Amino acid sequence: MDFEWLLGGFASLLAISYVNLQVANGGGRDQAITRLFVPVFFGIGLLILWEALVQGLGVPGVILPAPSAIWDRFTASTNILWVDFVQTFVKGALSGYVMGAIAAFAVALLVDRSDFLRRGLLPVGNFMAALPIIGIAPILVMWFGFDWQSKAAVVVVMVFFPILVNTVEGLRATERMQRDLMKTYAASYWQTLFKLRVPAATPFVFNGLKIATTLALIGAIVAEFFGSPIKGMGFRISTEVGRLALDMVWAEILVAAIAGSAFYGLVALIERRVTFWHPSQRRGR
Amino acid sequence: MAPLDEERMNGVAQDPVIVAEKLDLTFQTNDGAVQALRDVNLTINKGDFVSFIGPSGCGKTTFLRVAAALEHPTGGTLSVNGMTPDEARQQRAYGYVFQAAGLYPWRTIAKNIKLPLEIMGYSKESQQEHLERVLKLVDLEGFGEKFPWQLSGGMQQRASIARALAFDADILLMDEPFGALDEIVRDHLNEQLLALWERTGKTIGFVTHSIPEAVYLSTRIVVMSPRPGRITDVIESTLPRERPLDIRDTPEFLEIAHRVREGLRAGHAYDD
Amino acid sequence: MSDAAIASSSGGFGTGARAVWDVVLPVVVVVAVIIGAWYVACVPMNIKEALTQAERAGAVVEPAGAKERRDMSAVGLALANSAYARDTLNQERPRLPAPHQVGQELWNTTGGMVLNGKAFSKRSLIYHGWVTLSATVLGFAIGTVAGVGLAIGIVHSRVMNMAVMPWAIASQTIPILAIAPMIIVVLNSIGVTGLLPKALISAYLSFFPVAVGMVKGLRSPDNMQLDLLSTYSASQSETFWKLRLPSSMPYFFTSMKIGMAASLVGAIVGELPTGAVRGLGARLLAGSYYGQTVQIWAALFAAAILAAVLVGVIGLLQRMTLKKMGMVH
Amino acid sequence: ADEVTLQLKWVTQAQFAGYYVAADKGFYEEEGLDVTIKPGGPDIAPAQVIAGGGADVVLDWMPSALASREKGLPLVNIAQPFKSSGMMLTCWKDTGIEKPEDLKGKTIGVWFFGNEYPFLSWMSSLGISTEGGDDGVTVLKQGFNVDPLLQRQADCISTMTYNEYWQVIDAGVTPEELITFKYEDMGVATLEDGMYVMEENLADPAFEDKMVRFVKASMKGWKYAEENPDEAAMIVLDNDETGAQTETHQKRMMGEIAKLTAGSNGALDEADYTRTVETLLGGGSDPVITIQPEGAWTHQITDKALN
Amino acid sequence: MAPLDEERMNGVAQDPVIVAEKLDLTFQTNDGAVQALRDVNLTINKGDFVSFIGPSGCGKTTFLRVAAALEHPTGGTLSVNGMTPDEARQQRAYGYVFQAAGLYPWRTIAKNIKLPLEIMGYSKESQQEHLERVLKLVDLEGFGEKFPWQLSGGMQQRASIARALAFDADILLMDEPFGALDEIVRDHLNEQLLALWERTGKTIGFVTHSIPEAVYLSTRIVVMSPRPGRITDVIESTLPRERPLDIRDTPEFLEIAHRVREGLRAGHAYDD
């Protein structure tokens, strides 16, 4: 054990926490730069601690590599990482996400038209949503082949129900008075749908879309564990674990975390733009 | 005395718009039935301005809702222009101002006011025309591009009034539209509403808690008592149609106000 | 809330028979339709294997040769060889097992076992379900406590909110299946074995929805409700106990439902790198090794049923609690 | 009793019958050992487990163990109960494949997770690219079962003589429809299922003694299993907690396994080792290991155990 | 004239409770700054009943909120009993009635009213005592065990008044407490409030939109004008402390009401 490393690690985390405390509660606490600085700085603190623990405790690289080793691997393997990223994220996750979202909206509108369908489909849908992907993924790989199509199918299955359930709930989330207003105008179904219920549903829809972002990436990666061509983030992770190349594994995890967070952030940004009127999006007033 | 009054009115050969006969409405709730309206008989003629006044929970809102086909009676009938309220609604007979503003938060004030116009298929230009007219009427020029949550409660309420006035419904149902406004604005809007009513000959049902407001505006004042909501008095106004604000200091006005107050008080339990 | 509104606007008939009719009938109809479609789907899904088998048995099918049929449309093949449609419903390793096959397997490994007095034998899904259940519940408990704790920290501390929340989101973008083996190995190396490592993976998946839901819930009091307590000069802890916590209850239960489902997935994932010897995850995997699709499907349904029961229990608790709090009308 | 933890390479099946028999028949107990057998699975890398301290001794294939050694994890082979390799490539005959060269342009399922090395070495020795195209093979990471072959998503898949091959047969395929390439026959066989420990532990006399007794008892188990295959299979079945294994399959597997263990008394045959290293080093542009390993095996244990 | 009035008051050796000097408050919002209060100078003495009246959005609520330390001024000072509002709050000097009822939906009416008592550490028995007293005061006996949503809007508002009266705060700040009530109930509660005020000598800040209500209740009426909120008039009431309801028909009353109306009208833009 190397106490200098450990001591240094904990000391820098403490120091960073202190600085963060000052910044977060100081002037300019609501500025965008602060909002960015604090979490990044905190993350750096965690990385330093991680490095210190690995170095200090002499953790073998085949168990947990140090951040510095991961970063080295990351910079040295950008071309492989890029190929994997395109295969898994762009082809698998993104296409599945889009297809799943569109399908969920369509079914939500259908379900919403008929109370009977809603009562029947939602419980069944909730039940199906509980099917663990680890069971579904091998089946879908068997059905749709080894390439990205089966990954997209897994993603469709994973994102479909959260978006469906949220959208259906959102379409019902109008206030009585808002609906009554439409009634006094004798508005048609479609008029009520597009002028009242769809706008009122957007906060819920985005809730579902946000949950679905992380699910999409995880789904695509996990599906590759059950068969894939010899590229892709999930393929690389499962293969390199067996080869004890843990630095590569973590480099892929890093890519996943960056891509997933960016995806989430993007959807959250669109949400801010679209649902600016919702109380949860209003700052100040 | 109420039944008498009504009988008398029905005798006169006027043009009945809303006719309620033996109207009953009972809500089924988890902890039992609530009878909101019982045996309500009332005729509102074309061009009438009828105010409803009564303690909170007496069924004023419920009556307006039945008239607008938002609620369906559990007994008796209510007809509108000889049709069912549902049919009347199909013909877009109603302008309704709810007790709370109920603007859509994702639409600007202007777009909120245009909402009924869009639905009823007005042309773009005519939408803009109507919008400007009613914005002026409720004194909200310049606020068209704000969102509802950027306005104070009173301004929101005015926007919702503008929305109901934007299209030319024959029947205007207003549920405490001026509750959140200060006296001056309220006086101003009272005047505007009277002028509009005179100009257009609309039939208006108006719920209020203010006795002077009811007396100032109405041709008839319906006094209700709670649990179950019944009509306890219908008071004909003897005031002329032309009503300057200071009519409120005349003995005639005070006399009617007094009668309304007595009718209201009868429905309360205070012994002071 | 919206439920109440719908209920009252639909007239408010509340009799038991009517309620059953409203709840059960649609589900039964939908399930029936799904099962019907499922049977129909079995034919094209399994036709190629059925034809290959038939050919091996000496029959003449159109066209001959498995290789030739490989790239043909399954629907076309099914139409051209409709005589073999029946063979698609009882295969030993179908691409899509027929509903009755799954049902039979489910029964044989649960109810049938009970009747034989072997409810807890290792071929019984009850036994495997029980194994998974224990990890799920333990992990759920840990995850819920952690999630609620994190939410309390985030709501009460600006730094926590700013610094931790983005990382909590990022943590969920890490594929758990990838790091599960490492977690198990690391925990093993510090002497933690048995139920706990699996439960920790469950907890990792369930803390997030609970934390997010609780942050929302603890922040749900509106300004006026908070101001009221300010005028009493109430302390932070009084504000928490008397306002934030009660008003977060609906969110709490909703997020616990999601957390419970996530926890089950976590327990199943956690079973793989622990040797996958027991539990529903092990059954799924074992089915997968040997191409026992029927067994996979049975384990899948068992997992979903387990999830439904667990979520149902939380729903029950939710109803009881909220009713007592006067929050369902 | 001294505690020993053994990490298997795969799930409980007759492939590991010797150890289960030794445990069941009390051979370990006789040696004063208390042995815990941990089943493996698709997500378990034995090398990682031993590095993390989760096991005293692991079963691994030599290519993977040598690669780990190059990665800095000093694994040492202390015993080698498997004499020959059971790995082969199983192809549909109707795809026109008759000899290894015909694999060009075909799609082939391969196990990864450290098990891809023998295949990669073989292909590079044949000069066939694994990047796809008409002159190369298209490689798929195959899952855990034989579906890719049955569904014709792949023209060939990797199988073990004792396991996956029979799953194909059980699925109704006749041996005549298939053509197989055994790595043994191709001259690229690598050693499978050896016992590996951490190098630094071997210096500890107590540990050494423990391993001596362990190997001794294990080999006794193996020999017992070879002689009583049906009984051994039933013992394996009893130890399978998933309840997914079947009697027929395990009995047949035991029969096949016996063929692979036959000819080994447990001591590593240096010639086999040299052949394995040669194959791995000769992996063309991307060899599995780059330098001749030093100290990757020892007779230190077997010398004491088997005499 | 307002500054004059105030100067005069400050000269008299009374006991100042709330003293605002050059108070400014600007809200920073997404679409720019909103100046809610500008250069507000006001002294409220012990035992005063001060009403605030003015058009919607003029800063009445904001002023009360500053006084209760719910909002912090961006300029000038406001002191309460010589302390900062924050310190005064620590001493639990305030009873505050919000513009909307704001009852906690998971607490029964009784538990809602007991909430401040729990926080301030009253004993169980004394909580029950206070509860019964105020329930009676607002005429809600028998509704203690109901949940808020089981009452009508008016009853909820009364419960929230009861909550503010349940503990003995020296300063009562009430933001349109009677807005949702009908005239009869309102009259009744006006009387009750006056009686309570006389009995206890509390200092009361009271926002209303009703001129008669302001005149009937107050010792002083503060008239405000909007954007930015300023005090345009402070009217001393010459009415006696003892005020039966029919004092509202006396010329003195009408005279004051007239003055308030004129002050209010000055803040509006209508030219009628």
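Going by the order they are written in, the chains are A, B, C, D and E; count residues from 1 in each one.
In this section, a residue touches a chain if its C-beta (ideal position, glycine included) is under 8 Å from a C-beta of that chain, and two chains touch if they have at least 3 such contacts.
Quick caveat, the model's predicted, so the values are computed rather than measured.
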| item | value |
| --- | --- |
| Minimum number of chain-to-chain contact steps, chain B to chain D | 2 |
| Apart from chain D, which chains still form joined groups through touching | one piece |
| Touch-network distance, chain A to chain D, counted in steps | 1 |
| Most contacted chain pair (by C-beta pair count) | A-C |
| Taking each chain's C-alpha mean as its centre, the one farthest from chain E | D |
| Separation of mean Cα positions, chain B and chain A [Å, integer] | 51 |
| Distance from the mean Cα position of chain C to that of chain A, given in whole angstrom | 18 |
| CA centroid of chain A to CA centroid of chain E, Å | 50 |
| Touching two or more other chains - residue numbers and ranges from chain D | 42-43, 45, 48, 51-52, 143-144, 147, 151 |
| Sites on chain B at which at least two other chains make contact | 150 |
| Set of chain A residues in contact with two or more other chains | 63, 138, 142, 175, 225-226, 238, 241, 282, 285 |
| Residues of chain D defined as touching chain A within the complex | 42-43, 45, 47-48, 51-52, 64, 67-68, 71-73, 112-116, 130, 138-144, 147-148, 151, 153 |
| Residues of chain A that touch chain C when the two form their complex | 17, 20-21, 24-25, 29, 34-35, 38-39, 41-43, 46, 63-64, 116-121, 123-124, 126-136, 138-139, 142-143, 169, 172-173, 175-176, 214, 217-218, 221-222, 225-226, 233-234, 237-238, 241, 246, 249, 252-253, 256-257, 259-261, 263-264 |
| For the chain A and chain B complex, residues of the former touching the latter | 175, 177-178, 180-187, 191, 195-196, 199-200, 202, 275, 277-279, 282, 285 |
| Touching residues (chain side chain E, partner chain B) in the complex | 29, 31, 53-57, 139, 150, 152-155, 179-185, 188, 191, 209-211, 261, 264-265, 267-270, 272 |
| Contact footprint of chain A on chain B as seen in their complex | 65, 68-70, 89-92, 94-96, 98, 100, 102, 104-107, 115-116, 118-120, 147, 149-150 |
